[in-house]
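Naming follows writing order (A, B, C and D), and every chain is counted from residue 1.
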Amino acid sequence: MANLVRFGVSLEDALLKRFDQLIKEKRYSSRSEAIRDLIREELIKKNWRSGKEAAGAITFIFDHHQSELLNKITSIQHDSHSLIISSQHVHLDHHNCLEIIAVKGKPRDIEGLFNGIKAVKGVKHATLTITGKGGEW
Amino acid sequence: MANLVRFGVSLEDALLKRFDQLIKEKRYSSRSEAIRDLIREELIKKNWRSGKEAAGAITFIFDHHQSELLNKITSIQHDSHSLIISSQHVHLDHHNCLEIIAVKGKPRDIEGLFNGIKAVKGVKHATLTITGKGGEW
Amino acid sequence: MANLVRFGVSLEDALLKRFDQLIKEKRYSSRSEAIRDLIREELIKKNWRSGKEAAGAITFIFDHHQSELLNKITSIQHDSHSLIISSQHVHLDHHNCLEIIAVKGKPRDIEGLFNGIKAVKGVKHATLTITGKGGEW
Amino acid sequence: MANLVRFGVSLEDALLKRFDQLIKEKRYSSRSEAIRDLIREELIKKNWRSGKEAAGAITFIFDHHQSELLNKITSIQHDSHSLIISSQHVHLDHHNCLEIIAVKGKPRDIEGLFNGIKAVKGVKHATLTITGKGGEW
């Protein structure tokens, strides 16, 4: 477990009152827990911009009846196998599949893989979400 | 397969030239493919705001050594079992796990589940990404 | 001046170290100042979603040679005069103007005005940015 | 006026139907107008990432009773006078002012100015919004 450090913060009382209300709505157990989340969110954005390694998920929907689509997606994933940790696949309905790929690597490489998947004909929507790679905080 | 409809678009030539360059960089096979992507992106934002059912992914990192964390996360997921399609779990390092849950449901319910997970002590970062539920386009 | 309240926050030491580095890069004078900013950002997002009055700015670029454009934009602004506080106008080059409108009102009304301006033929790009209306914290 | 070029786009009919509905809601006069907006939005994001010159607005709220705040903000603006085109100032209530600065320059410089303003004690919230600098499309 990490060592905890304690320090004081001063806020305007009106601001603190509204923050406490937000904490309640978002179901945080303490102010520290909520503040930690805000800080980590900022750090993840900063790391991404500065090119540091990150983990994340590429989520996309596609119509598996589109010819050659499965082959293309599989081939793209194999070309980036070192970035991909694992994937899960969901059959949404008769036509549509949802696939989520867990990734880990440099922002530039993850974005390359993301653009490659997004551009395949038959991929209807793709998103990229980024988190830390663990261990940095 | 869906029926394709064809229509004409007029653009300023300077704008089209830059768009064609973007298409090349993003590796799209045609202008239509790139335009479809821009449109679907807009529609997904609109559906989410208007409360229509969507699919998506909740991604989070946590330290599995934090006491009671696994029990709490499992319990939260069971309470929302009707929203959750499946999940994948990755061991990032000795301490940290990455978990990605595929979800489907109303925005309000998905956000409730997301806030619940995010607020658990020991969950270091959580993101929510939304896509269509397939079949709507 | 608002009353300041002081409370303690506990963070993992690795997280605090990175936060202090971020504070230095962003030139904040204290941890409290940085934390206030993170909290206000969250509150502004929440207020906007829940429909509470806000202030903000609508920024757009247009080609003033486009026929009827100035008349249309002026007419749209007059229809929403109660939302608009003031505007500034910049001549970017021979063709292009940048206009920034300071607004105050309900999210739904501000978005209506924004969509109206964005849709005018000849408006090349429009953005909407939201802040508090002052006085709430 | 710019030369218009016309080309054909093919879309799935279900997608086009929903797009036409979105166009109606957002009050666009034609599909071309809506598609132009989506494309410009993408191009502006791309230009910003690649460091090309842009125009934009820095919007912030502050309490003018905070000692030394006006001097600090004015001093920061003078240090970046080559980036700043003009500014407008609104008295929101007895305590709070809204100031909007129209800027033009390199992303790195604009972000530096933005961080400088955001970090001043008494500045309660600041946003940065970016558009094109005109003339590029």
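FYI, a contact is a pair of C-beta atoms (placed from the backbone, for glycine too) under 8 Å apart; a residue touches a chain by one contact, two chains touch by 3 or more.
Please read these numbers as outputs of a predicted model, since none were measured by experiment.
Note on connectivity: the fewest steps through touching chains from chain A to chain D is 2.
Taking each chain's centre as the average of its CA atoms, chain B and chain C sit 26 Å apart. A straight line joining the Cα centres of chain A and chain B is 9 Å long.
The residues of chain A that reach two or more other chains are 36, 40, 137, listed in rising order. The touch graph of these protein chains is a ring, one cycle where each chain has exactly two neighbours. Pairwise chain contacts in this structure: A-B, A-C, B-D, C-D. Here chain B touches chain A in the complex through residues 1-2, 26-30, 33, 36-37, 40-41, 44, 55-57, 59-61, 63, 65-66, 85-88, 90, 92-93, 95-98, 100, 102, 104, 115-116, 118-119, 121, 124-135, 137, going by the rule given at the top. The touching residues of chain B, counted against chain D in their complex, run 2-16, 18-19, 22, 25, 31-32, 35-36, 38-40, 42-43, 46, 136-137.
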